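Two complexes follow with chain A in common, the first pairing it with chain B and the second with chain C.
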Partner chain A sequence: MSDKQSQPVENSHFVKRIFHSIQRDSLTPSGDRERMKMVMNSLILHIHPSKVSKSSIKFTYTFGLGGLLLLLGSILAVTGIMLIFVYTPSPDAAYKSMIILRTEIPYGNLIRNLHHWSGNLMVVVAVLHLLRVFYTAGFTRPREFNWAMGIALLLLVIGANFTGYLLPWDQLAYWAVTVGTNLLDYIPLIGEPITRLLLGGPEVSAATLTNFYGLHIALIPLAIFAIASFHIWRVRKDKITTPRQINGEEHTEKVTTIPHLVSMEFVFALAWLAILITWSAFINAPLEEAANPSHSPNPAKAAWYFMGFQELLLHFHPVFGAIIIPGLGLLALLILPYLDQDMDTAGIWFRSVRGKQIVSISFLVGMAGTFIFVLLNEYWLDLPGWLPFLPSIISNGWVPLAGILLLLIGYFELLRRLGNSICEARQALFTLLFSSFFTFTIIGIFFRGEGMALVFPWS
Partner chain B sequence: MSVKTLSRRDFINLGWGALGAFAVSELTFAGLRFFSPRSSEGEFGGDFNLGSYQQYPSGSVTPVENGRFYLVHLVDGGFLAIYRRCTHLGCVVPFDHASEEFICPCHGSAFTIEGDVLNPPAPRPLDLFNLSINEAGEIIVDTSSTIERNSPSKDHIVYPEGKS
Partner chain C sequence: MFLKIITGVLLTTVIGAGGAAIAYQSSTQETPQTISNQDFVLPEPANDVVSPGVPQPVEPVTAAEGFSGEPWQETGTISEIDDFGFHFSIQNGEQVYVEFGPPDYWQNQGVNLQVGQTVTVKGTNDGDTIHAAQVILADGQTLQLRTEAGQPLWSGGEQNQQGKNAGLNNGEHSPEPQAQVDEWVTIEGTVESFLRGSMTMRTLEGELINFKTGQPRFFADQNVTFQAGDQIVVTGFYEGDQFMAGDITQVATGLRVMLRDPNGRALWSGPGNGKGNGRRNGNNT
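Entry: the complex of A and B
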């Protein structure tokens, strides 16, 4: 060993070498070149390009919804893993775990609340993210398939929520899952085997709890992780759309991701974390009495994100309310990006100025129309009663579906006659249907009382 | 018709592809079998002996908790074993003594004392279990499988001997 090397230098070299083997770049990059290199070389930051268009990182373009989903997913993973350690998935012990979690385990209630509210918020944010992408035409070529993956992720998020709903094993959980899984029973031919597979028997039981636990903690999270990685990778590959004014020029100015985008994301994540923790500290996740398989509560409502479907079920034959209408809706959603090709609208909010007006009108028409339909159906319209010679699948299924489809085609044609492009008319139709489903959900949550009778929350 | 030639390489590749597909189908089958329901019909406990039919007053509806059904003694003397599960979405349907109807709390379906639909959304009458009355006059209900009816019918009502 050479005498030249003094002890302290040797030490600091060694530490530096270890540090450098973990973090290759300096954590305090100086100059744009080093900042870009840091993004390139980082596993996490590499989901971003090293430079981004200045206009696309404007908050009011994306509202940070995709990023918020990522944050919520991370919170759910951490709190979920914590909850695994204190929860026993068996009918005898599950509810007891909830009580212990609430009363004995330090911060148990906070962690449960955080998990519950983040999960619920995720459904809302995923839908908002979908709306944002739709209304800025963020799914145009070559991004069509990424839209489909987004839909798959939305369904998985709802699946994760639904399977998690059963785990507390209280009355709310038991009956919401009974009602929810019975919906599947109506799928012709394969419905019953699928329901039995899911429930592990003819009704919600210990086997169901085991199945849902496995789905909730392993299968669905893994699927979400895999598809979300693909989804984000595709966003990176296809490049995010840049916002445009309708007649303005596209801004092409680019800025480095560090610090412009990353610091924004950090502040945004921190703010949401603060909101969620505060919310969870004060508002408890619901917990009713322990599940009782021989007594259905009145009213037995599904989880709130299924209220729209539950409301459909009150108005249509189950095959239509649970399968055909939602199925058609899903199919329409999936093929939407492949239809949107008559206008180059990516990055323009609501396609055009006119499009924006039609969207607002369609939203109101959808809301009002749905309210009127529900009122009519409650007090006057009685197709099965008027057509007693027809089986209820025709009188309460095919007949109203045909009527609704005719109304929708009429609305589309009317908009076309008024001089709107196909693209704008299609956007209006989407808005109408979304607002209708939204209204059904609101009615289901707030306007349904005992025996699912129509009640007004203010009376 | 032109004769298509298959090269040796294509043939072998096709063979490997077929083997791959076979492996996937094998694993799918094993997976489905692995996850198939571990419990099955008849778990409520098979046959229920409810004793002499004479102890049930005419027009009464008696819940049998373990068997998950109601024993209904109709005013005309007939008996029915009605499964308590709503045919709409599977809620437990309680009997409302005031109105003499089964009313589902979940979505408001209503059924007559015989289980026929009075009020949708339920798509078909309440399911039944097979009921018989043996020589000793005891009621036996077999809960191993349900009887689904698509329309109201009196065929399943059981009358004690000599009373039909």
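Entry: the complex of A and C
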């Protein structure tokens, strides 16, 4: 009798024990103390501080770009794992996998579309995130190294996208990767061995597909996960810069992360998920005919995010267009935070009103200057022809680069003489270079036709 | 201070390059002239695919860049060599300097020049400098630097007409007097594929021909982009069954890529290969 009475009590204790081992606090806290305990024990606080500045969670300060990157990374991981079950990385089967996904697998096309568009959006968002941090001086002490981690993540995101580009094994993929890997060939001494290692031979082939597949599903995602964990941990430790108005006081009011920040993030994530699913339901990821290594399309273009580099190659000697100029740009990006002395402007968009104005002007100057340079180079400027007695690496590499560097130094000095601070002038220079690269990319994508000749879409 | 040094270097580069370009352009604009010599006649660019043995019509054309000065030929002894030429004691005892062009080109031709050697130089004298077109060694080896029209063999691009007369104006496909290949032929067709040092073209007769285009970096330096479907004219020769391309002309743009010198030696290869060719030149000449 007594056994029968005690049995339900023991069962209840056992279930509670299991529940408690998973969720330590009550889901319906009865008072403020229990509520606070639940918040403090939440997993969310592993990546967020328990309290954040009220002003820093304002949407127009961060635009939620870092969070969006996390969301996109998660979507890519989930859809990527699903795709692994269908995809076979061999030239004979890869393209068939795409067709099967589109025609036979339930929601296969949607999953592939989601993966494709999320991957491309991730590159755009990563660049926008970099710009947001730059223009709010979010890299100032002690966040310099985290800025470098961010740059590394951007490169890895591009690497992940590029290695995934080949996997459909269609004409677009094959030739974009052929053009893209050709860029590596121009690195002096080590370019060719690296390219051969990456391609698994002298040209894009079955070995390349295997290599890229391994990089795409294992090595690069692992690297992204490791560096992103570090990056997020540093953000949590160093805290993001607090937004300030020019000449305004820093807001010191703080709010708890849960629910203030988390609820915003949740709504934001749901909104983006809805947008992405809707987009992917209606817009298919591109898929051309199966790869044909003996027939290159005309023009053969690189992936869209490499079009700026491909465009540079049309104007500079390959060593300068593919290696030296991008290398200098990357180096400048990495050392930028260490040059910054002006801590007072951290958290202020564009540093000042004047800063905002010269950023706008510099963006327009960069775009216009690049268009003019491309037109001049297409129809008039012919340095190798004018200086035929010089090696083309000098006449078409060092000489034009020297001219451009002189113009940039002149622009910087002009801004300084007009009374701008060093930080403002540097910010303007960065803007000019970014808008120039942006314009090169636009020209490469939309203004290059057969034989990479300059064409105007409206003509 | 650092910025001033950098600015100084950049300014020197830009002003120096600008000045050199202006000087070069003005010097080349002073000398254009019409050549009536049939040896220097250029064919119509793209459609002149020549059938063996059929002489082509001859038209006088304006001299291309590089032809300047009076024809000059002397035999003498090399007294000093530098990167851009050599000092030369000619038979009347006079000491002259003979200019060769960029060292990157002539030092990779596999012809070994030494102080004290007796050589014959053919070229032009513009009154200021002697520009060598050919240096012929006593053992018969020939260092070819320019065409007889004065076209530098090292400069590619639209302006360089070198090789255009090869095999086209006399119907015998013999590009240059010292060419060591059996027969130069010109083939017209379209690019079928172009990938990493190898191009496949489909001729007008529908035949597929594959040939090497050298190291990708060498090809990229020529600043001409080829795509599948491009109409091209290729001048080259057969070595056994393998076709060896000497130059490729893109019909649409007229741009030309030089792959081999008139001796058939690949322009992308280093001195090691060149030495072999040099010896062969010596035996055959």
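Here is the rule we use: the second predicted complex is superposed on the first by the 428 of 459 C-alpha atoms of A that agree within 3 Å, B and C clash if a C-alpha of one lies under 4 Å from a C-alpha of the other, contacts with A are read in each partner's own complex, and residues count from 1 in each chain.
Please note the rule applied: contacts are C-beta pairs under 8 Å (C-beta built on N, C-alpha and C of every residue); 3 or more make two chains touch, one makes a residue touch a chain.
Bear in mind that the values here come from a model prediction, so they are computed numbers and not experimental data.
J.: Sharing chain A, do chain B and chain C clash or fit in the superposition?
T.: On the superposed model, which is not a single observed complex, chain B and chain C clash.
J.: Based on the superposed arrangement, let me know which partner A:G31 touches: chain B (first), chain C (second), both, or neither?
T.: Neither partner.
J.: Once chain A of both complexes is superposed, is A:L183 in touch with chain B (first), chain C (second), both, or neither?
T.: first
J.: Scan A:P297 for contacts with chain B and chain C and give back first, second, both or neither.
T.: Both chain B and chain C are touched by A:P297.
J.: A:R196 contacts which: chain B (first), chain C (second), both, neither?
T.: first
J.: Does chain B (first) or chain C (second) touch A:M452, or do both, or does neither?
T.: Both partners.
J.: In the overlay, answer first, second, both or neither for which of chain B and chain C A:P106 touches.
T.: neither
J.: Which of the two partners, first being chain B and second being chain C, lies in contact with A:F389: first, second, both, or neither?
T.: So A:F389 only meets chain C here.
J.: Per the contact definition in the header, classify A:G419: touching chain B only (first), chain C only (second), both, or neither.
T.: It touches nothing on chain B or chain C.
J.: Once the two complexes are overlaid on A, one stretch of chain C runs into chain B. Is it 57-65, 93-101, 111-119 or 219-227?
T.: It is 219-227.
J.: Can you list the residues of chain A that meet both chain B and chain C?
T.: Looking at chain A, the two contact sets intersect at 178, 182, 185, 202-203, 293-300, 313, 317-318, 384, 392-393, 396, 450-452.
J.: Within their complex, state which residues of chain A touch chain B.
T.: So the residues of chain A touching chain B come out as 175, 178-179, 181-183, 185, 196-197, 199-203, 205, 207, 293-300, 310, 313-314, 317-318, 384, 392-393, 396, 450-453.
J.: Write out the stretch or stretches of chain B touching chain A in their complex.
T.: 32, 35-41, 43, 65, 68, 84-85, 88-94, 103-108, 120-121, 123
J.: Using the touch definition up top, name the residues of chain A that touch chain C in the complex.
T.: Of all residues in chain A, those touching chain C are 178, 182, 185-186, 202-203, 293-300, 313, 317-318, 383-393, 395-396, 398-399, 402-403, 405-406, 409, 450-452.
J.: Mind listing the chain C positions that touch chain A in their complex?
T.: Result: residues 3, 6-7, 9-11, 13-14, 17, 20-21, 24-25, 65, 101-102, 104, 152, 155, 157-159, 192-197, 200, 216-217, 220-221, 223, 225, 227-230, 252-253 of chain C touch chain A.
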